[in-house]
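There's a structure below that I have some questions on.
Chain lettering (A, B, C and D) follows the sequence in which the chains are written, and residue indices restart at 1 in each chain.
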Amino acid sequence: MNTFAKPKRIGILTAGGDCPGLNAAIRGVGKTAIVEFGMQVLGFNAGFSGLINGDFIELKASQLSGILTLGGTILGTSREKPYKLVAEDGKENHKPEKIIENYHHLGLDAVVCIGGNGTMKTAHLLSQEGLNIIGIPKTIDNDVWGTDVTFGFDSAVQIATDAIDRLHTTANSHQRVMIIEIMGHNAGWLALYSGIAGGGDIILIPELPYNLDVVIRNIEKRYEDKKPYSIVVVAEGIEHPKNQSAANYVAKTIEAATGVETRETVLGYIQRGGSPTPMDRILATRYGAFAAQCIADGNFGTMVAIHKNEVTTVPLEEVGGKLRLVEPSLGLIQKARNMGVSFGDEE
Amino acid sequence: MNTFAKPKRIGILTAGGDCPGLNAAIRGVGKTAIVEFGMQVLGFNAGFSGLINGDFIELKASQLSGILTLGGTILGTSREKPYKLVAEDGKENHKPEKIIENYHHLGLDAVVCIGGNGTMKTAHLLSQEGLNIIGIPKTIDNDVWGTDVTFGFDSAVQIATDAIDRLHTTANSHQRVMIIEIMGHNAGWLALYSGIAGGGDIILIPELPYNLDVVIRNIEKRYEDKKPYSIVVVAEGIEHPKNQSAANYVAKTIEAATGVETRETVLGYIQRGGSPTPMDRILATRYGAFAAQCIADGNFGTMVAIHKNEVTTVPLEEVGGKLRLVEPSLGLIQKARNMGVSFGDEE
Amino acid sequence: MNTFAKPKRIGILTAGGDCPGLNAAIRGVGKTAIVEFGMQVLGFNAGFSGLINGDFIELKASQLSGILTLGGTILGTSREKPYKLVAEDGKENHKPEKIIENYHHLGLDAVVCIGGNGTMKTAHLLSQEGLNIIGIPKTIDNDVWGTDVTFGFDSAVQIATDAIDRLHTTANSHQRVMIIEIMGHNAGWLALYSGIAGGGDIILIPELPYNLDVVIRNIEKRYEDKKPYSIVVVAEGIEHPKNQSAANYVAKTIEAATGVETRETVLGYIQRGGSPTPMDRILATRYGAFAAQCIADGNFGTMVAIHKNEVTTVPLEEVGGKLRLVEPSLGLIQKARNMGVSFGDEE
Amino acid sequence: MNTFAKPKRIGILTAGGDCPGLNAAIRGVGKTAIVEFGMQVLGFNAGFSGLINGDFIELKASQLSGILTLGGTILGTSREKPYKLVAEDGKENHKPEKIIENYHHLGLDAVVCIGGNGTMKTAHLLSQEGLNIIGIPKTIDNDVWGTDVTFGFDSAVQIATDAIDRLHTTANSHQRVMIIEIMGHNAGWLALYSGIAGGGDIILIPELPYNLDVVIRNIEKRYEDKKPYSIVVVAEGIEHPKNQSAANYVAKTIEAATGVETRETVLGYIQRGGSPTPMDRILATRYGAFAAQCIADGNFGTMVAIHKNEVTTVPLEEVGGKLRLVEPSLGLIQKARNMGVSFGDEE
């Protein structure tokens, strides 16, 4: 842990895909920094772009009131990755040095970077340049290494589960197989949680290689058992041909094999929008407030995290470039199997 | 209008795509028939298939309690169209005569057919065969000719608007164009209402031919006016290439022309699932209760309808094969234009 | 109808209790006035107080963007009734003349007053003073005379029905009688609609005098019929002792008479808060846009209204001081009786 | 830990106040017991009454399908406390011996008791009689000793937060103080979490003695700082006169002292009704599945619990008669203070 005497002026930015709770986290950092520690707070616009271009606004406590419940981010976000080489045209990448320049020019004592895995990687690299950086993990995918949970996840589970709930009535009325594709390129957390909570019959996630023959036999078995319909929840990142969505691939294959009417839904961007759930508001607030505390303590180069329900920190260098995936041995998976859920992986 | 002395035994079926409020309508017909008129009520399973195969259950008042709020239909539904010729294999179609046979064999005095346009067409043909038929219009598309509104529409508007509300936060955070595709092959009612209610910036519906150049210029203009993002609501039935979804076509074209990051969402089946809104529960109840009254009055060959907020009937023969589409001169469209909404049809 | 050549500068205010849709109506008036008719729009703060004190802001089109979905009113509201005599202290009331003075001093060509019955009464009185006034009816109570529906009602029905839906599970689990009190001092519309939509077993509204003995016998009868629980929906304005809430009075009496565990809930202020439903957003937009049209047409001294689903106007002098109550002969009431609903008025 | 060879026949009951997730827990126990361990499962009706009277149904796997998302409990519940002396009439209490008799007569190998603190106390006493008992903690109050969280809590936080969200718009429009009373006789968890998540300005809970003068000064200070309104969240169990609700007492006192219009809402029973949130569905499933595992393992006399996000057990004898209250030193409370929340306890 570095030591640092008197932080005065801090920056906040939100980077990567947006998710519910970003404003709650900004408020958590900002109000704690201002009210508890008397710091001055700058909000950088559009993720790392704001830091590169020196594009910011000062955030006063009054501007942080009333944003707790708002979806999105008042600072905007972008996919800007300042360390990514612009290989095509051979130009040199001066973005990191612009960030360092702005950091010093603005007299910043620390920057809080709110984002997912990519953001934490950048945060670590900036930390290695000697900047005082704190990361806060957010993503609806819940796949940031080093923390038990990210904010945004609870809200996305709520939205996805609500959608699955709705599909039950149509599936039942038409005696159909309904496929729903849930966000998650690498990690199946969102499909797993919403699938179990929504009473999905079959759940396919990237971490558990599936066999469509098993899925098909399972659906046929349900049919024989007079179960009139089936709900199949698939993460977008499961193995599938590139020219189709995962849902479309699974749907087409099942319908061809079983002859049962099969329909797919790709839930898409509504999973990351809207007002955060109460628990995400609280989690983002806890993260944000703790990040401000870390600055006061000079605990830099770290990401705030939840371990076993307590807020703590992990070194950014341990986080970057890793993903927290669903373990096939997870207790919840076995419990779901006992409820009758198939993961398409049985013999 | 036929006259009929004392109906005693009636059938109910739900046909076509499911939508919120079907159970409320079944309850409306059934309870009124039983409680008010002392009729016996049979529920036919899976739409017209149940009538063809004599597959039914008797519905007692107690079975109709507690279903008001349930999505889907306790009777199941199907796309079975008994008058459709099975041309491929040259077989004769005996389905209508099976229906007539079952009708008489079961001693039915009337059948209530709950469905959309296709169902009303079949209902009319059965009526012409001499059966006593009442239609009740349901569909999330709101496009049944002869009534101001169908049940299911209000619920679908709610779901679609909620989705559009969620997209605003992501669109804003990322300064993107977000395209959302709403159900509606022929009629744009659902896209129109949810688009206006959800604050869509551009709304494309089948009834108003659009010009993508106009759409693109509109988005560029918004950009110049420092409006950081745009929401484009498209009905699935707008003109577009067959190998893409409407949303995908519009998104790809806009992104290519403007260079602004554009993302699409196809809302899909969640639009027709889940518990009906209060107003759909009440509308379906009114329709159902009035259908039972029509049976008691011997008012057959009719569809119950809402005209200027009053329940009435229209002859089935006037309904069949027609669609109620959005009129381009609709007052709401002009009002939306004044709010800044574009329909992609300007000069 | 007055005639008026070229209105240029108009005022808007929201008065009385707040309800969902006020901002949608403000936006509807303002955007139409600005975009379609090139008017200048002033927003008066806190209802008629703003008009009395000359407290206003100019509303530009950009300020009216993004408020469609927001609950409450950006202008604030108050219960200020400028024509009410301050009898206690014998002081003269100079408020109306201040309003007239401000109206002329600010060069106003018209004022749009958005409110309920009390607001329409004041609007009429101001109209009689020679000011150009348009009223827009809003209230969750749906009791403004002269229109078929007010905005705010659909949203309140949604909230109240959601609450009744929740009570079913507790009532059933505990085999209790649950009483829920819904807003409505004089008119029972909200209790009636949410009661029917929520599957209430007994609904008591001010317009249908009830007999608690009938209610009690009904509950006992349900018990004998093995219906395990009862939901009683009461409007706050039904006859009851002054020192208790209506819900508490009904609950205590039922429990004492039947011995069945009875619990009450007074739903309270949550019925008027939050984002409007899609249909209220659209209705408020229609009203607002039409009010701007009325100004352009010089159609003053009128309230915009919905008659049989079409937007029209009624003279303010016909509206003031009257209430639109539930007619006991309303078709919906008979239909609800057939569903098994009791209104406590039999025998 | 007892050892037990081969449990075959188990009972389940739900006791105390109902809450969202009971059916998910019943399903979790039942399906795991049947599918994984081949047990036979009896469901006792109406809490301990069912065990006293031998009133039960056999639960087959098929009956446990489709109940995951339902509010309430398919088994019913009651406040029956079999060990409570019937003091009034001096009669002896034979209920425990009837339970023991039924337990043996029915050949039960274990009983799972799902409930709150009172239920765990009874569970412990039955365990001491030599019966094989497993407890599962449920309550919206989150105050069961020995576990980090109970199911039902997340759902109640959601409902209460949604209500507080709604009050903001009315409070703001009218510039009022709004008081909302949240369930919680002894523990302030629900008021604390929903108060923080809902952006409450002042939160009063039983564990933090409050001073109304501090509350009043805080509201006056907000007024001076041009904050136009205040939301006060109070737990029902804070100190207050017996003849008023907590909300009414606080509201009356604040209005009298500050002259600011103050309104109260008592949220009541809607906090415990309706479909559980996804996270409560999952938590209840985990608890239920683990309880079945405990039976298989012969781990009796225990309550399943979550410690630091892992399912485990605690001895029932450690749980009974204790409450898990909010610690004034809780980190979340300090974080909330930094957000500007007052707990009415400052100097």
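Keep this in mind: a contact is a pair of C-beta atoms (placed from the backbone, for glycine too) under 8 Å apart; a residue touches a chain by one contact, two chains touch by 3 or more.
Fair warning: this is a prediction, and the values are worked out from it, not measured in the lab.
Novice: Which chains, if any, touch chain A and chain B both?
Specialist: Chains that touch both chain A and chain B, as defined above, do not exist here.
Novice: Taking A-B as the reference interface, which entry in A-D, B-C or C-D shares over half of its contact pairs by residue number?
Specialist: Looking at which residue pairs coincide with A-B, the repeat is C-D.
Novice: What's the distance between the Cα centroids of chain C and chain D, rounded to whole Å?
Specialist: Chain centroid spacing, chain C to chain D, equals 36 Å.
Novice: Need the CA-centroid distance for the pair chain A / chain C, whole Å please.
Specialist: 42
Novice: Any idea how many Å lie between the Cα centroids of chain B and chain C?
Specialist: The mean C-alpha positions of chain B and chain C differ by 30 Å.
Novice: Multi-chain contacts in chain C: which residues touch at least two other chains?
Specialist: In chain C, the residues touching two or more other chains are 165.
Novice: Please give all chain pairs that are in touch with each other.
Specialist: Every pair of chains in contact is listed here: A-B, A-D, B-C, C-D.
Novice: Within the complex, which stretch of chain D touches chain A?
Specialist: These residues of chain D touch chain A: 27-28, 31-32, 35-36, 61, 65-66, 68-69, 148, 154, 157-158, 161, 165, 193-194, 196-199, 227, 275, 277-279, 281-282, 285-286, 289-290, 292, 308-311, 331-332, 335-336, 338-340.
Novice: Would you mind writing out the residues of chain B in touch with chain A in their complex?
Specialist: Interface residues on the chain B side: 14, 17-18, 20, 22, 46, 70-73, 76-78, 159, 163, 165-170, 172-175, 178, 228, 263-270, 272-274.
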